[in-house]
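Both complexes below contain chain A, partnered by chain B and then by chain C.
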Partner chain A sequence: MAVKQQQLVDKDYKYGFRDNVKYAFKSRKGLDHEIVEQISQLKNEPQWMRDFRHRSLDIFLAKPMPPWANLELLNQIKFDDMYYYLRAADMEGNTWEDVPEEIKRTFDRLGIPEAERKFLGGVTAQYDSEVVYHSIRKDLEDLGVFFSDMDTGLREHEDIVKQHFATVIPPGDNKFSALNSAVWSGGSFIWVPPGVHVSVPLQAYFRINAESMGQFERTLIIAEPGSFVHYIEGCTAPSYSTNSLHSAVVELIAKEGAHIRYTTIQNWYKNIFNLVTKRAVAQKNARVEWVDGNIGSKLTMKYPSVYLMGENARGEVLSIAYASEGQHQDAGSKMIHAAPNTTSIITSKSVSKGGGRTSYRGLVKVYPNLTGVKSNVRCDALLMDPESRSDTYPTMEVDSKDVRIEHEATVSKVGEEQLFYVMSRGLTDAEATTMIVNGFFEPFVKELPMEYAVELNRLIALEMEGSVG
Partner chain B sequence: MRGETDITLTITLDRAAVEALSKQANEPAWLRELRVGAFDRFEKIAEPTDRTEGWRRLSFESADLAPAAPEPTVVRFGISDEQRALGVVAMPLSLAATEHEPMVRDALAKPRVGHTLAKYSALAQSAWQGGAFVLVPDGVQLTHPISIEIEAGAYPWIVLVIGADARASIIETHRERGSLSSGLVDIAAGAGSRLTYAHVQDVGRSSVAFSHQHARVARGAKLVTLNFGMGARLSKNDVEVELLGQGAESDMLGLVFADGEQQFDYHTLQGHRSPDTRSDLLYKSALNGASHSLYTGIIIIDRGAQRSDAYQANRNLLLSEHARADTEPKLEIEADDVRCTHGATVGPIDDEQLFYLASRGLDPEVGSRLIVEGFFQEVFEKAGDAELVRPLQDTVAPHISRLGAR
Partner chain C sequence: MPQPILQVRDLYAGVGDTEIIKGIDLTIERGSVHALMGPNGSGKSTLSLVLMGHPKYHITRGEVLFNGKNIAGMKPHERSLAGMFLAFQYPSAVPGVSVANFLRNTLMARHKGDAPLTPAKFKKLLDDGIAKLKMDPSVLGRYVNDGFSGGEKKRLEILQALVLQPELSILDETDSGLDIDALRIIAEGIEAQRSPERAVLLITHYQRILNYVKPDRVHVMLKGRIVKEGGPELAHELESKGYDPLIRELASV
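And then the complex of A and B:
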């Protein structure tokens, strides 16, 4: 019996290995102005960024936890017992050969080089706090696209960064955006020149490695008028027992007629707190899509939003959440309509299993005196057993008349008839359930690049194992 | 005429005054404790601000939320001699507290805390006088509605007890014109009973009207509630239905016709605490002028409340440029074998519907009126009691016919 248990644990999380990495720099545990100063100094940052970090730290310290959140879990975070900055190697590798062997092995096991070969796009791989590997295909450079880690972006394109940084998500937005603003490190910086269409998805792989390590990426994507870019962020983390915190800030700016698609698959190990602020601004005729998958982590709080600031702007969120034992996926979306003829669509699907909890928390807001605003929100939840839980907390605030705002949600279990039908075709209970859950997630999966789609289907199959007794 | 009451208006509300009220009414000890406990709660709960959950989007800065002086509730019952002969009781609650003590005690034993109205619900529980009590004994089946008209008093407390397998329709109407009123309704629907209950709020346009309604529905019973909102400048309501016994059912209906600067705020609870329970909620608002509707509803399905079936819909019809609607339909589901669906919409009159009616030769004004009528008609029909809803249809009709005439 005990052996079987062990097998289950190993099977449970296929990326749950751990490498012994030598850390070139490791700040002491805890967070105060001294640590913030140290981070900024090590990065040799301009004074305005240093001031920004200090200001943000004050906000973080002053702000209480959000009262509506799952405080039982949130209060488990020990902010003083955590490292806020780590750097695995001093220099960033430009080619695969330069990357330290240990780190490479980790990436090998995650399939990164493969992904690179396949996508031939830029790869920003984040190993703990610093980006260690990064390549940009030559033709991207020829197009004038900037794609680098955020620290490099700040060094090389300070004017662009200074003009846009924290304009979408100010530090005071919430406690965790303040934390990120104080100690951010790494993340991606992308600038797409006017009219440029980036045909391959740009991607970055994030990993957490050190125990009790906070990871605070800061991503800023600026799509100049008429441009297009698709960015993919995927996460896995090794299996550590101490709770670890991941708190990213992602800002997207889609200027007139630009189109940004941002795809995430979050599969942190089940001891990770994943408290992320993601927000986009869509100007006139711009379009922003968030494709957001949440499979892992202990507690995820993430509500990708789009501020529709210009006429005819369009925002879309397509998200899935999967929660099993000990997990709470607290996800959702916000659409802020601040201009006429703006449209938004939110589609959210969640599955709770083995006592897991999924919550949808959303907001659709329409400012006064707007016409032609349309919004459609659709939430579907599947409950796999009597121990699991599903919540839906949508909010709609409508201050204009000529609008069409619709919200629909359903919560149900896997239909007996569906199961019966599939099983009558010769599948077992477990296979039938997996197939139905895969089908439930299908609208999300088909928006992913092939490699991700295949992996996600495999992950779900793995998660569903033993779900039918 | 009201020279006497003018003097009582100057009396401040404190613990001693509350105790005096209890003493004056000769209340049993448990009721006095309930009253005093409620007053302590009232004092302890902070005044709502624009940051208080459930009050955030309301504008009440200019509203006077200071407690009104306690004054006896004046109630007129509409009950026939035949109904009395069947054993139906309709009397002030203060009287019933001694004459039907076990039943009243059972209905009120657990203090109702209230979701967003907690402070004002506690105020009413501490300052009420008179009130109303209706008892329909076990097995008694009534064919005509009983009416309860609230004619005066800031803190009416209405207790309705429907016996096992009994059947009744009750309509409660508020037309009093005080600056602030906070009412309580407690419903106990016994096993296998059927109750259709309409709450009509048509008070003066300058007043603030709070209503906290709490219903317990026993095994196999069915409760239909209809909240009809027309009056007040600020109307805020907590409507809670607890499905406590297996097979309990509830239809929850709401209808708001708002104009001018009126604000209507409904918080509803569909509490599925037992297996095989069913609830179906439909709240509709037609919003004219610069009115504002706020709806927050939650469906809770407890662990173990298997085979629950819950539906919740909030529909808002915006009739003017400056009307506003907020809607927040929430679900908390802890059982898996359930069917739970909700939907919310906000929008103006559908152009296609108008076009269709125009193609039938109706001008847009008439067409709009017909559409609003139809919008309301769905709710009236769902109430399933023509005699009960007729006065409501009559009340709203002149408002609808004025639409588009401005």
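And then the complex of A and C:
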């Protein structure tokens, strides 16, 4: 098969290459009930899921855009001029040899098989609408851990899926959760049996290859009582001039005493609208951590949330956002305290450069008659130049008295004095800026597995090259 | 005669339209320690920032030669790599960057060519400096100047000088705000830089540190000019009489 891979257009974005694959199935452009029916039929889904999709489409079509969003950008999405379902390979591979050559080569270039060999417990690799590769380490499988793409999860564990699916994020939550619910495809399904500690991370890698397409992965992670799992996702796309849409729904359920850590390194190309709904439920003594890095995309709207439903539950969000020219990172978090002695911590750090824009949008809500609730919110924004922008929209709804809530927000500029100080020690302005930005992101980077920390530092260095002075 | 490390010739400089340095001539030879003294507002710190290439300050007349080369077009990092060092009066914090990481980066910038910095060599440089300045080794894991006390900041500046081994160290009020024990340790750190190949320009308001660091030459600066020069005895004279007689003397001219 002839493989042609074009070099990236954007010199700083090393993931901008694309493959000319022959699609096994490509829906026509646009979205209506016929397309939804087609997707569900292709997947041979049970009737309840098919009904769910159609119901969700009606909600999507009826719902307006969120009025508080950056509508100038959001209204650029041409819903009628987009592919909603693209299947590149006819089947999913369980070894990389089973994956079509040009797609395998893409994941090779992204370093996925190498990472898998080195330190991962399992991988799913999604290419446009479908997962093309999946593996799980034998020892984890033997412990009873389920890790597959969502479609397989639905086929093989329908009872578990039906019991939990869309219970955390109903289709009507927002316009984009409705859209995902109507056309979802791929994503990860994870179920960890009671007491099982998954000691190595499971990773999903999302790649959009086609132009003008929507990727709608759907992820559901269920951690049974006393279990632990760390899930990592990464995402990239070719550098096209037309826009594409990535709209995921991610639901996490941490049952009593369970612990879920969910890490995202989002590095979409700057043509991608990244409109994602992520929410977790933490039951008694459970702990959920979102570690969320947003480097790429044109517009990201993402507010990972934790509903603290049981006593002593703990929710943490550590997020970084980096916005350069033409980018708006609208990120934040929601923490809902619905039980006594619950704790939430939100740490948000953003850097804006070259006219880029970052927003922090957050909600801390405490239901009435709760005692011992603690919440700490900290947002730090760093502006690299006068053209860039950062806004903070914190909301607190507190209906209990025995509550300790701390909120701190800072906006700082990379000061002339700070830059001069570092340069006076022999570093160029790009090197000095990289050092300052890396330092600013350090609390985030030190939470990443080493391989990702190195990659993130390298990304920041690339972004700073030739950008100053 | 060997070439001086630093030659400042008829230098005028300032910020915006304000002229602060108004005609300075200063020559520093290899192997010497010079003290630049003067009251607050005389332009001492400005001179140090101009020498290091702070982007806010502009040279309006005259020139600065470092090892015979005019440094007017050189950026701060180029001056640093050429062998200049400034210990800041008010060093900036770099949150999230540990002292060890910072020092490694500054040293790596000097080892881009064919003489790589080995971990063993790096460790020895740090260990020696830390021991000489009687610092707590845990400082290496702390973020640069982030939450440091005044004295800790001054020590870190001198530690950087010991590690980077510049040809010319310009120390801007490194002695201010230190108790007597800290002052003595810092002074030993400065003395440790004395070598036939290197030179120190010690900028200070007080004579106090000159009890521990013996200058070869003393220059007195007032209102942007060097108004008096002499040997170490000049510093003692200023200590006993203060700057006032000198200010009056100049005003009467």
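Here, the second predicted complex is superposed on the first by the 456 of 469 C-alpha atoms of A that agree within 3 Å, B and C clash if a C-alpha of one lies under 4 Å from a C-alpha of the other, contacts with A are read in each partner's own complex, and residues count from 1 in each chain.
Just so we're on the same page, a residue touches a chain if its C-beta (ideal position, glycine included) is under 8 Å from a C-beta of that chain, and two chains touch if they have at least 3 such contacts.
Everything quoted here is computed from the prediction, not taken from an experiment.
Model built by superposing both complexes on chain A: chain B and chain C fit together without a clash. Legend: residue contacts after superposition of the two complexes on their common chain; A:A321 is shown touching neither chain B nor chain C. Counting the residues of chain A touched by each of chain B and chain C gives the higher count for B.
When the two complexes are overlaid on their common chain A, residue A:M384 makes contact with chain B while staying clear of chain C.
Contact with chain C, but none with chain B, is seen for A:F441 once the two complexes are overlaid on the shared chain.
When the two complexes are overlaid on their common chain A, residue A:D399 makes contact with chain B while staying clear of chain C.
In the superposition on chain A, A:A280 contacts neither chain B nor chain C. In the superposition on chain A, contact is made by A:E408 with chain B only, not with chain C.
Centres of mass aside, this uses C-alpha centres: at chain A, the angle toward chain B and chain C in the superposed model is 70 degrees, to the nearest 10.
With chain A fitted onto itself, chain B and chain C come no nearer than 14 Å, counting C-alpha atoms only.
For chain C in complex with chain A, the touching residues are 52-56, 75-77, 79-81, 85-86, 88, 91-97, 102, 105-106, 109-110, 143, 160, 164.
Interface residues of chain A, counted against chain C in their complex, comprise 415-418, 420-429, 431-432, 435-436, 438-443. Chain B meets chain A in the complex at residues 53, 57, 303-304, 306, 316, 318-348. Taken in their complex, chain A has these residues touching chain B: 68, 368-369, 381, 383-413.
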